[in-house]
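Given below, in the form of structure tokens, are the structures.
Look for subunit A in each of the two complexes below; its partner is subunit B in the first and subunit C in the second.
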Partner chain A sequence: MNFDPRLTNRSFTSVGTRPVRPDGIDKVTGRARYGADFNMAGQLVGRVLRSPHAHAVIRGINTSKAEALPGVKAVITAADLPDLTNGDSAMYDILDNCMARKKALYDGHAVAAVAAIDARTARQALKLIEVDYEVLPHVTDVDEAFQHGAPLINDAVFTEGLEEKPVKPSNVTKRTQYGHGDVHKGFAEADTIVERSFKTEQTHQGYIEPHACVASVSADGMAELWVCTQGPFVYRQHCAQLLGMEASKLRVTSSEIGGGFGGKTHVWAEPVALALSRKAGRPVKLVMTRDEVFRASGPTSATSIDVKIGARKDGTITAAEATLRYSCGPYPGMWAEIGAMTSFACYRLENVKTVGFEVLVNRPKTAAYRAPSAPMAAFAVESAIDELAKKVGIDPVEFRIKNAAQEGTRASYGPVYGPIGIGPTLEAVKNHPHMKAPLAKNQGRGMACGFWFNFGGQTCVDLNIGMDGSVSLAVGTVDVGGSRASLSLVAAEELGIDYSQVKAIVADTSSLGYNDMTDGSRGTFSSSMATISAARNAIKILRERAAQMWDIPVDDVTWEKGHAIAKGEKYGNLSPLSLKEIAAQSGTTGGPIAGHSELVADGAGVSFATHICDIEVDPETGSTRVLRYTVVQDAGKAVHPTYVEGQYQGGAAQGIGWALNEEYIYGKDGRLQNAGFLDYRIPVCSDLPMIDTQILEIPNPNHPYGVRGVGETSIVPPLAAIANAVSNAVGVRMTHIPMSPPRILAALEASASAHDA
Partner chain B sequence: MAGVAVSTTINGDHVEYLCQPDETLLDVLRDRLGLTGAKEGCGTGDCGACSVIVDDRLVCSCLVLGAEAEGRRIETIEGMAHGEKLHPLQQKFLEHAALQCGICTPGFLIAAKDLLTKNPDPTEEEIRFGLAGNLCRCTGYDKIVRAVQDAASVMRG
Partner chain C sequence: MVAVTLWGSLAAVAGGKDKLDIEAKDIRELFRKLAEQYPAFEPFIDRGIAVAIDGTIYRDTWSKELPEGAEIFLLPRLAGG
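For the complex of A and B:
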């Protein structure tokens, strides 16, 4: 890579301002096209038949009646998606999740699909498909699935990561361990130890736009896929592999995306839509219903976590240990492992050990949800830290400051930190007016910290300068929340031109090289790095063209504030040439001017946040109200501060929903009972207060402008901050998320009867 | 199933269409008339992404039948701006960055317009309860409430 990504000291002109986003007008006028807003000539309607059983052998499927229904153009089952995964077990699991092969593994698992001339015919056709199920015992609870003797979901799974290879299959696919030092020694040195167990229920990303796509496979094997996705290049790879196509023959265009939060990083119905189109010979539009979104896409893990932390009288933590069990759905994942890595990442610890267990359950395949796995681990750890601080008799903020990780600390998951923001966020919280505001009866205040790794990854951009001097920036990271605005700002900054001269778009997979998904808070971090690199490449050409126009050596030309400048007194009579003037002559000086960049954006700076929350609890009903909420988070450098605030506020709101209300509720029959927004209630406007934000900027040394990803960390502290607030309000330690009114009442009653006894 | 002939007014224009008796107004708008600004987030009236105004009343168009539009006056997001001139709510949503993904935005704008028509000077609490039928998963509502407050102030003059 001919590019130095290191931070340099500089002042900014465009970066840090707050212009209107380039895709804004289309989004306030209804013109923006999302997944379901696109149509093709001759398009059919696709629908998926889903298992009503949590666990069942599929003995046979009879599709003949559905195929005979007038207007039905294709019916497919797993037989139409043959296994081409060639021993790649991860891809096989994706294939099996798209269309069940031998067993239905959860309520909502796809078993067949139809394409018909309209929605009503497609719905009728689904009713005519006969599936012969042999219902098997199921297990949906993570702790029950963990036990010996639980119904086995996959009898070919033997727990990996144990010292001795197990002789019996298990629902536990893997054990992982992180840490350093000697926790036994550490606990022996402790004056006070807190040991508790916690549970969190499963939640959904809850994007308002259901999964939607239009697939078109032509007779010559070329195919197009229009889809709402966080990763068009990854969707292309997966779909092409599952359908036996060359990737270059499948052009994937990402629509505007109506929320993803990790849930649109996985293919679900897209290979099915392509298979239907291939069989029917016509384009197929496939849009999930909300019921299908809940039953068959997302969600995050349900967890069960044990934490033990010890400290000396002076408040120094001597040892910390956590055991984490995360549900994965019916396929192996690495969710507990991520939880084990993040658990104690905020702290400077001599002795730390975390163990993660991945647990199979008859629920939908777990998908990433914003800082996946970290919020649950933070809930358990930050709750225990609060309790320990109280027992030791130190203010919880001071206790955390005393033990906070800093530059040079070896993280509990291995690496040594560079400059980080945990200490500064804690100091900012300590001095925040929110911490000093009075509280009334039945009100409590809580605070908590959160960590996320952030990710960089493969990235490329094309920056093209038009003959009128306007700049087109084509990026490959899907814009989930304003990144076209922030990347336009970065291009304007680097070129020295006005923001209004730059127009960023998200390119399709045939127009740009491979990009990893928009995940890991990488969109603005990685694509801004590539944009800076591409702009510098373009500037090199602009200087060459100016030198040519002036007929002087290129080494005598510099680039300042959007202009080529001839250096030295001998060129005193040469006026600077603007980018626009150089571009206007490009047809006669060597052709179009462009900058490209292909790189791996290493060095995503880790991210920390600390949140403060005030809660009021009604002791009669157990209902709660969030009174005040403050987010303090390190952004490295906020490129578009308004959208950074938006990420902080949005993550906090999702965390509030998770902490207080949202959960998947399964019946004894293994069926999801609340697959809709009425019964799975995400926070509405009247549930929340304004969410205050404070952006700290501790520059990331591995990015030219110091940028860190900001999208995910904001969902990590809320569960714990709110649990600490509720616990402080009611005087009982809350250990089960969500803290819905029945759970709070139960905790109050248990505490009262314990006092009576 | 025979189609139902419907004659109605959408965004001030006279419109005629045939629809099935069980077809929702949302399906008619999106699939028959190409007005895809109203979105289907749930199909059960719980998310408000499909909000339209029928005869001065805010409704979820997924809960109204296409046939029920006969003789009515319907306002959708496509009719909110006048040519290139944005409605103050649209302008303030842009300035305040009251949208991230934007899928809920048409519904919020329609619901906010209805709210300000009925209550030109709402308190924060009235805005929050007035928009409680619209789900947003991205913003935490903070910037939406501020944009509506600002637009209300501009519209009062």
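For the complex of A and C:
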């Protein structure tokens, strides 16, 4: 890579405008093809048999009756997905999660699968599979699993990161610690200390489109996978590794995506569909039901967090400490560690310490959910900050401004910050009309801050210029939020042409070099960098072709506003050549004109947001209604402001659902009780006000246009902002998310009882 | 010579030392020398280590130079959503 990613001062023509997205019409007319919309000749229907037990040894599986059922073409178990992971424990966990091997580790864990000629036959076949389970004690609660004596999920797990090597296995896979200074000294200097414990329940990303794929393995070992995913290249690598295939023999095409938010960064059904197809010798379509999505895809962690923060009378925080326990499902993760890193990232702290514990539970394998782990940590910390500000007697916004991190501050997770936007978001909130709007009885206002890292990664882009002057842009990052429009704007900006001349597509894995997933808010950041690079490479060729057409040295040709310009008075008679004119002659000046780029987009800028929420609480029922909501966030540079606003609004909407309603509810039998949108209620339009947004642009110095990621940070503050609003409305500190009506009523009753006592 | 600060878990593997002085011109050489001097680092490098250079986090650009006097901070490689 020979590309300088540093920020340059420039004005923009296309970037910053709001054209209609290229995929919009297909999506609103139903023409867009999602995972389940693809069909192949002769395809079979795949179905998965799932464990009804939260924890059980699989003593044996008898598939003979299912195999004998007419219309059944393949039945597979773990035996058909042998361990080819070669000691890679993370891949082994993925394999075991796709198809249980020795034990079923949660309600919904896949234990077998069938491929049949139709759905009815497939369902009948599942009923004919006999699984001999030895049911084991289970644990689904993070605090219970943390305790000594809890049912052990994996007796080969010994806690990493302890000073002394443990001699007994545990459900706690790892302890991690971050911070600097001396918190004991800091707390000794504090005039006021707030110390509280918080809990958040497990939630699902709630994407509207269930996981779906069509897999086809040919007799010669070549395979195709059409799938709804955030990362076709990663899916290809994982599936190829798990099935013992060469990656080049598996072509993965990503469909349109009906939401992912981290949940489609992980393979679940895809290796199963490929294994079924390999065994049946026919294509297999596998679509998860909503029940399966809840029970057996990757929700976020449930958490239990202790926070302690101290401050002087003048409002200076002297010390901050948090202990975070995050559930991981039955496999190790680093979810508490991320929570420990992000907890206090908004603040300038001399003494800070965070400790994270990863806890195994008999629940589905935890997956990333939009700024994974940060919202829960922010809920605990921002709730305590709010309470501390009040105790010290300083306005919560002023208190945060006084303690906000700034350029040069040592982050609580370690490094020193460059230019960052937490201060400006707080100033914007302080001056926002929302903060001055009147509130009525039973209404409360809350605000909170949030942080997320953002990152970049491996990225590859092809930019092809047709002979008619139109531009095809092939990218490898799945478009989850309008990136095809944003990247077309970037290509148009660099080439100096109109947006309408550029058509962006998401390429399949056999057509483009490797790309990391669309995660970590990296899609527009990374692929725009590669698009800029590819466009500049194409411009170099355009200049060469113009030089040929004019028969002058290429060094005498510049590129301005979509035209080759012959510079110098001696070329005064030469009219500029447009991109279209050069492209039209490409067949005789050297052939197709294209620009290619492969790079690692590192240096993504960290991102901050501050949210304001007004809420009304009915004290008789505990029900709540969000009255007004405002998001202020730093975007670095908003390439397509409408879709940046969409990301801000989407994160806030998801956060509102998480804060007020959504939770996985397990029965005593360890089974999920609410695996459907009727009982697991996400917000719908009528639940939400119009979410106002304010985009700040503090440029990222490591991107040519200053772009930062915007997709994730918006879900970090809502839990805390809403909790602060509810707490202010009812006069009771809320410490348990979601703040569902029963929980609010219980808090009110507990408070009333305490006052009466 | 650059001063490298380790995050907590990595410092534990380095015998409790959270700061190391390493002669390395870029991230690749840094990882190679860390693995040579502290073989227990290898699984961490395999899992993924991000390097913050003066506050900017690099995950994959192993050719990135480590300027003399820069703050070098090692962090675990993170997941995103």
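Here, the second predicted complex is superposed on the first by the 757 of 757 C-alpha atoms of A that agree within 3 Å, B and C clash if a C-alpha of one lies under 4 Å from a C-alpha of the other, contacts with A are read in each partner's own complex, and residues count from 1 in each chain.
Quick note on the criterion: a residue touches a chain if its C-beta (ideal position, glycine included) is under 8 Å from a C-beta of that chain, and two chains touch if they have at least 3 such contacts.
Source: prediction; values computed, not measured.
Colleague: Going by the contact rule set out at the top, does A:120 touch subunit B (first), subunit C (second), both, or neither?
Modeller: A:120 sits against subunit B, while subunit C stays out of touch.
Colleague: Taking the superposition on A as described, I'd like to know which of subunit B and subunit C A:696 touches: first, second, both or neither.
Modeller: It touches nothing on subunit B or subunit C.
Colleague: What is the contact status of A:512 with respect to subunit B (first) and subunit C (second): first, second, both, or neither?
Modeller: neither
Colleague: Have a look at where A:261 lands relative to subunit B and subunit C in the superposition and call it first, second, both or neither.
Modeller: both
Colleague: Name the contact category of A:646: first (subunit B only), second (subunit C only), both, or neither.
Modeller: first
Colleague: Touching subunit B in one complex and subunit C in the other: list those residues of subunit A.
Modeller: Dual-contact residues (subunit A): 205, 261.
Colleague: Where on subunit C is subunit A touching in the complex?
Modeller: Touching subunit A: residues 5, 7-9, 12, 47, 52, 54-61, 64, 71, 73, 75-76, 78-81 of subunit C.
Colleague: In their complex, what parts of subunit B are in touch with subunit A?
Modeller: Result: residues 20, 22, 27, 30, 35-44, 46-47, 49, 76-78, 80-81, 86, 90, 93-97, 99-106, 109, 124-125, 127-129, 131-146 of subunit B touch subunit A.
Colleague: Under the definition above, what is the set of subunit A residues touching subunit C in their complex?
Modeller: 90, 160-161, 163, 174, 176-179, 205, 261-263, 265, 334, 337-338, 341, 368-372, 411, 413-418, 453-458, 519-522, 600, 602-604, 702, 712
Colleague: Inside the complex, what are the residues of subunit A that reach subunit B?
Modeller: These residues of subunit A touch subunit B: 18, 20-21, 23-25, 27-34, 36-37, 119-120, 205-210, 256-261, 287, 289-290, 480-482, 642-643, 645-646, 649-650, 652-654, 676-678, 682-686, 688, 690-691.
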